[in-house]
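In the two complexes below, chain A is the common chain; its partner is chain B in one and chain C in the other.
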Partner chain A sequence: MMQELDLKTVGSRATKVDGPAIVTGRAQYADDVQLPGMVYGRLLHNPHPHARIRRIDTTRALAVPGVVDVVTGADLPDLDLFATDEVCYQGQKVGVVVADDPDVAADALELIEVEYEVLPAVVDPLVALQHDSPPVRLDAPASEHKDADGRVLPNVTTHGELVEGDVERGFAEADVVVEAEYNVPFFHQNYLEPNASTARLEPDGRITIWTAAQGSFNIRDAVAGALRLPHGRIRVIVTQVGGAFGAKNGIFVEAHAAMLAMRLRRPVKITMRRDEEFLDGNPAPGCHVYLKTGARKDGTLTALEGRIVWDRGWLGGGGAANRLRGLYRIPHIKLESYGVRTNKPRPGAYRAPGSIQTAFARESNMDLLARKLNMDPVELRLMNAISTGDPSLNGTPLEKDWLRLTIQRTAAAAEWGKRKLGPNQGIGIACGEWTNGAGPSNAFITLGEDGSVTLLTGQVDITGLHTTLAQIVAEELAVDLTKVKVTLGNTDMVPYTALSAGSLATYSAGTAAREAARRARHRILRAAAEFLEVDADQLEMGAGRVVSRSDASLSVGLAELAASARRSSEGPISGQWVLGSLPTHPSYSVHIATVEVDPGTGRVRLLDLVAGQDVGRALNPMLVEGQIHGGATQCLGLGLMEGYKYGGNEHLLNADLVDNPIPTAMDVPVIRTVMVEEPCSDGPYGAKGVGEPPMIPGAAAIANAIHDAVGIRVTTVPITPERVLRVLQAGAAEQA
Partner chain B sequence: MKQQIVTKINGQQHVLQVSPRKTLLAMLREQLQLTGTKEGCGTGDCGACTVLLDGQPVNSCLVLGVEIDGREVITIEGLDNDGELHPVQEALVERGGMQCGFCTPGIALNGAALLQDNPDPDEAQIRRALAGNLCRCTGYVKIVEAIQEAARKWREKSATRTPAPEPADG
Partner chain C sequence: MRSFEYLAPSTLQDALAALHQRENASVLAGGTDLILRLKRREQSPSTLVDIKRIEELDGLETGVHGLSIGAGVTMSRIEASAVVRQDYAGLHAGAATVGSAQIRNRATVVGNVCNATPCADTVPPLVVLQAQVRMSSQGGERRLPLEQLFTGPGTTVVRPDEIVVSVEVPLPEPGTGSAYARHSTRAAMDLAAAGVAVALTLEDDNETCRRAHIALGAVAPTPIRASQAEDILSGQALTPALVAEAARVASTEARPISDVRASAEFRQEIVRVLAARTIQAAAADAQRRQAMSRRSG
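For the complex of A and B:
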């Protein structure tokens, strides 16, 4: 049972503090920033997956009336803002036009002449993995990685191995073994707000940047790095953020806008178009997974062996295999991981990075195993799930039986095993794990002379954080929620603050807000004791007042107290907390999908989705439900319709929202949420991060439900009608 | 060459000099600073730029500014009634039918247009009406709930309103 805390505002379904501004169109997003004298930049992107730039001629573009500047890499010999020689992905920036009207800038863009020499390209990570693959980058350092025959693998950038126990022994002990290969393409965060950044050179030579990002400090540091300026030259103001999901952790066009503002001494805004977001964004990396799982007859897992090849785009980089395991007790494990370069944009973070792809493989294999063992998939998971005291994915022992509880309660809510399903209907379960981060955060509270409370924090609100922080402050100071105003501090106003990413924002800033409020409360009680001439421990707070416990006629309002504190020796009433880090805990999500497959068309209709999540404590159940709904929907989008598609010439085929669709209101069923509230010992009031876990298991749950419905296993997402038909037909051919 | 148009935007008459190449969306945002209307794609796929043109929802990125000559536009800035939120706006806030909020102006206007046409929509009708408004955050669950709630409020409001006089025959 959940620990009982006497909470009033925390735990309530408070409406968003920025709701009225959003719903009336007054909330200021990045592209809404308009400054006097502002000019508009539009970027020129390379159209080839791989090419050498032979010549760039900007003469005709510069001659267009209204064009203020045209900049290419040749103008910036010390910076890497534009490609100058080799371009390694379709969409790479080669120049920018600045004009007094965005349409004029777009016209002029077409007049920049670039001569390219097209080079061989590779976009399939399994091809890029081979020794005879064309190199993704001619200028890359020589690869140290070789195949079994000693041949150099030109595009491999990392190789890792994770071994626990003796995998051969594990498979020798297994009575049943399943193996399969899985594919996940690049897929895009598709935040509705395209990136936009505005920069202005200030009279003192500093640069102010307005942008929509998950953290102002990361943007400041990245711009400083890109422009080789000291951090202190740059001030970043984060606007309202129109969706981010991990993508807006880093810079897109901020450095370009800042460079132009310095060059032109005029405010410059650059807004990306949707196709630029697909071509030159930082989508989630794709991967190819081979996975083999072994178990005894009774269902006890004995061994896991696998290889994951991460598609890391043109810059390459690492990619882990560790999340192929971590939820179940498996004594013998051997996992290999490769990070390979391809002629694609550099992938970035997307809601539970790496977890989604690995969960698709891991949870599909668990389903295959249950089938082969003739066991119930829920029962198989429950008997192997890690439990209290077992090491969790990152090694720390599990404080509570969170995973099993989440499986049990979600299965109960979905009436697992009790549902009557029609023909071609099926049900599937999958589990996910995520451990939220905890990072530098802060909260600065001031009591106002009108009895209001202001909270200043550097922690960016993406979808509801500031509402939860206001609830925490209202709770601790026993004031009405409407009395609390939250302000986002820019990089000049607050100490370094972590990104609102990795599900850490509420965990970290919520703790800072609670601690700051407790300090403010302490100050308030002391000031009231002095004011009322009683002992502080005789006093309690409620409804915006401080009242004596023994004599209710002895009381003072917070407004009066704040006004009198101005003249006190301690000064105005405030409370602050700067947080370094906190211990963290894993949290689990379990999805149960019910689908209906049309064997004639291959179309999969999602009838029902039950999304369970181990949330610790829901500080605002309405906002937590919203996170679960949204995450589950994004994962079903990946499961059924989303993903980058490349043509035979290595070109991206679907850089728009029609051909690379995201779920509409017609695609999403009613999603039922199950919140498992078993508090952890370190989050604020026991809360865990909730943003990422709901993204993880949905695609596998759908694949498992399809198997249940029509007896086929689809191992590539998105599970489009074409793929379903192809596998159905192959199955029919096999049987014939 | 700019063209002069006469139009009513959020109830106010405007005489505007408009470049014929500018979309209604660009005209609203750049020329009139009505930045509540959002650009999500610029190709009519996402619905973030929805406005009401003579009462009908349109993607303002697919309409030219000059096309609104003699017509009436309602943007999100004009949906409330002197600060009193439209029932759809109110319900979106109360039911948590928004997260990042970027799609919200378009959804609020589309929802308001739906209730104007059909004050008692069922869930399927609401989902169909919103099919052109992409939301990446909410999974639409609470948006649909909010529109259902708004419809209840809308009907109550209509019921308490003085009935309009019967139209004259002929």
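For the complex of A and C:
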């Protein structure tokens, strides 16, 4: 069981410190930034999947009253902010109009004349993988990758192989083998807040950028790189972030706004529309997976063979295959991975990048295997799950039996094997794995002369982080939570801080806050000892005061102490901690979905979802549950409705939220959460990262539940009614 | 969006005069479709004539002759009306399925009709309930059966100087029931991939179908009638086999296209499934109404 710590504020369901401002509309998001003399930029996007730019004429746009500037790549010969010769995806930036009014800028945008020569394009990664595929980029360096016949594969950018043991021997030892092919499309993070950035040239020649991002330093570095400026010229202020999910790790329009602000010497704001987010954002990459799993009659896994082709958009890039093994003991493995270019935007991170796609294939295959073995899917997973002492995916041995405990407790909460299901109803389980990152992070604490405590950190809050940090500081200094104020430091105020990504924020900044608070506590006790003229070890802290253990009448309030410290030899009371890194541990998520399938229309209704997660320790159970609810909702979206769709002419068909739908409240059942609290030895109070794991297993759990309900396997997400009906009818035709 | 002149007259006369005097004016009611089109620059009227302040267009009148739905009446008001729920169940279902509660508080039935999107949720039920459309211009008033209003996706016979002032729905005769069902991926906030409305009049035996009206949405350039399927049901006892056959025929009358939302084949299959269910639902509604009238009679 969980080791007992005497915690008061940490572990409580404290409401979000910024909650009232958010729900009353007072929170300041990126687009809320208004500066005197500000002008507005609107971007011109290329409409073709692949084309050559023949000519651009901006004369008519420049003549529109209210237009301040029109910029294309030709105006910026040293920078890569706009395409000049070749465009390689629909949505690529070609130019920008700046005007007094954003609608005037949009009017002028329509008057820019661009002559394109349309080129052959490819959006299917399996087509892009072939030697005879149209090249995605004419200007790309020659590919080093060849097929078995020695022919050059023009769009392949990476190829990797992971081999352990002897996979042929593994399959020879198997009594049962299953294999299937899986498809995952591009899918979008669909943060509520479209990107917006405002830039201003300061009197000293520096540039200030306001934007909503997951880390101010990454934005600063990326803008510096894009504009070829020294980092010190740029200051980045992160506003309230209206959803990010990995997408806002990097820049969207920050460099464009900064370039324009320097050029025009006026503040410039660029706000993206929703369709621009789809066309010119950085959605999650799609993939095609072939996966073959072998097991003995008793269920012991013997071999895994697979190939994953990652669709990496126009710039290409890599993608790992090891997550296809994930969280099971398998002695013989051969996994191949390709990264291919396609005429699509460059994909980025989306909540547990790489894990979601691979878990869909892996956990679907495990379900197929359980069926073929005639074995309970929970039993099959428990039997093969890595356990205490086994190496996790990143090599470190498991401290505790986290995975098996999470499977067991989630199955118990879902009454696995005991539920009575109606006709066309089914239940399915799937597991996910994620190992959070760590650091760098920081915390700077100051005790105020009114007894309040301020915490300055460079760690951006996208999940409720600052509430948890306030809880940690309140806990360590034994003050009321309302006494603690958290401030986000911009790039001028704090040392380099990692992105709030990879589930590292609370793990890292939480540790920094605890260590900084402990240092502040030592300072407070020393100052109190001096003030009260007793030994520091005679003192304890509580309710905003320092009190002598032996004589309760000897005490001093924090406000008085802070005021007197101004005149003390050590000066005002503070505590700080700069964190480099920390050892990390895997955390596991298990989803059990119950569905009902309409056999007439193929519509799948999610009746119930039990989401279990190995969280180490829930520093704020309400916020952890919120993460689980949100992640589970996003993966049910991928499972049932979301994803980029391309037409026959390689054009994106659904750059909007009507035809690229995300679940609404009507589509989401009550999600029951199971928090497995078995602390790890390195996170603050034993906590692990919690943001990413809940996104991982849901799509596979739904696919497995559908199989249980109506006996069919859908291997492509989203599992739309049409896909269900097609497989149902194919199954019926086979039986007839 | 591009800039435009905005007018908000308080009388129908003023609104009609504004339309008469201006080229390229659009009528604004709920705006749940129009404003989106303006933002996307798919439509750029030089004037918007907002009719929401015109009191005389705001009426939802119910009576022995039927239902009169003024141009200002929102989906929410239809949804909340006990009379509509009681006597026009198909229309109630159609209005209640549009968008979300927020959209329904804003969107109007007449707006839904005038937009003429093939997937409009209130149109197939209004068609099977034999609704008529009342249009006004400075030149006078005219009426048309709703079915004759549409000329293609997004186009109608309504002239630029006309305002559709109301939709008139006759009170369904005793023994008549109606129903509407649609298919969409999401449970709400979605557009129909296919929709089927049915109005049936049963004989006194409560089993034989005297007359049937079937209308299909989102499976042709305009909402269409499935007249062959109607003929199959008319004068026959509603056996499961007959219903299945009518549903099959209705699906062959659909002329869907493949697009981002669904393939043509899928839409056709959905029409078959929904038609069978909706015929049954309309028959059940007819029996319910029959029972109610007997009780009150």
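Everything below uses one rule, namely that the second predicted complex is superposed on the first by the 736 of 736 C-alpha atoms of A that agree within 3 Å, B and C clash if a C-alpha of one lies under 4 Å from a C-alpha of the other, contacts with A are read in each partner's own complex, and residues count from 1 in each chain.
Please note the rule applied: a contact is a pair of C-beta atoms (placed from the backbone, for glycine too) under 8 Å apart; a residue touches a chain by one contact, two chains touch by 3 or more.
All of these numbers come straight from a predicted model, not from anything done at the bench.
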Contacts of A:Ala552 with chain B and chain C, given as first, second, both or neither: neither
Partner chain(s) touched by A:Gly25 [first = chain B, second = chain C, both, neither]: first
When both partners are placed on the shared chain, which of chain B and chain C touches more of chain A: B
Which superposed partner A:Leu640 touches (first chain B, second chain C, both, neither): second
First, second, both or neither for A:Asp103, with chain B first and chain C second: both
Partner chain in contact with A:Ala148 - chain B first, chain C second, else both or neither: neither
Touched partner set for A:Gln240, first chain B, second chain C, both or neither: first
Which superposed partner A:Thr664 touches (first chain B, second chain C, both, neither): both
Contacts of A:Glu625 with chain B and chain C, given as first, second, both or neither: first
Shared contact residues on chain A - chain B and chain C: 103, 658, 663-664, 666
In the complex with chain C, residue positions of chain A that touch it: 103, 106-107, 110, 600-601, 603, 605, 640-641, 645, 647, 653-654, 658-659, 661, 663-664, 666-667, 720-722, 725-726
Chain C residues touching chain A - in the complex, by the definition given at the top: 1-3, 41, 100, 183, 185-191, 259-263, 266, 269-270, 273-274, 277
Contact footprint of chain A on chain B as seen in their complex: 19, 21-22, 26, 29-30, 33-43, 45-46, 48, 75-77, 79-80, 85, 89, 92-96, 98-105, 108, 126-128, 130-144
Chain A to chain B touching residues, read off their complex: 13, 15-16, 18-20, 22-29, 31-32, 34, 102-103, 189-194, 240-245, 271, 273-274, 462-464, 622-623, 625-626, 629-630, 632-634, 656-658, 662-666, 668, 670-671
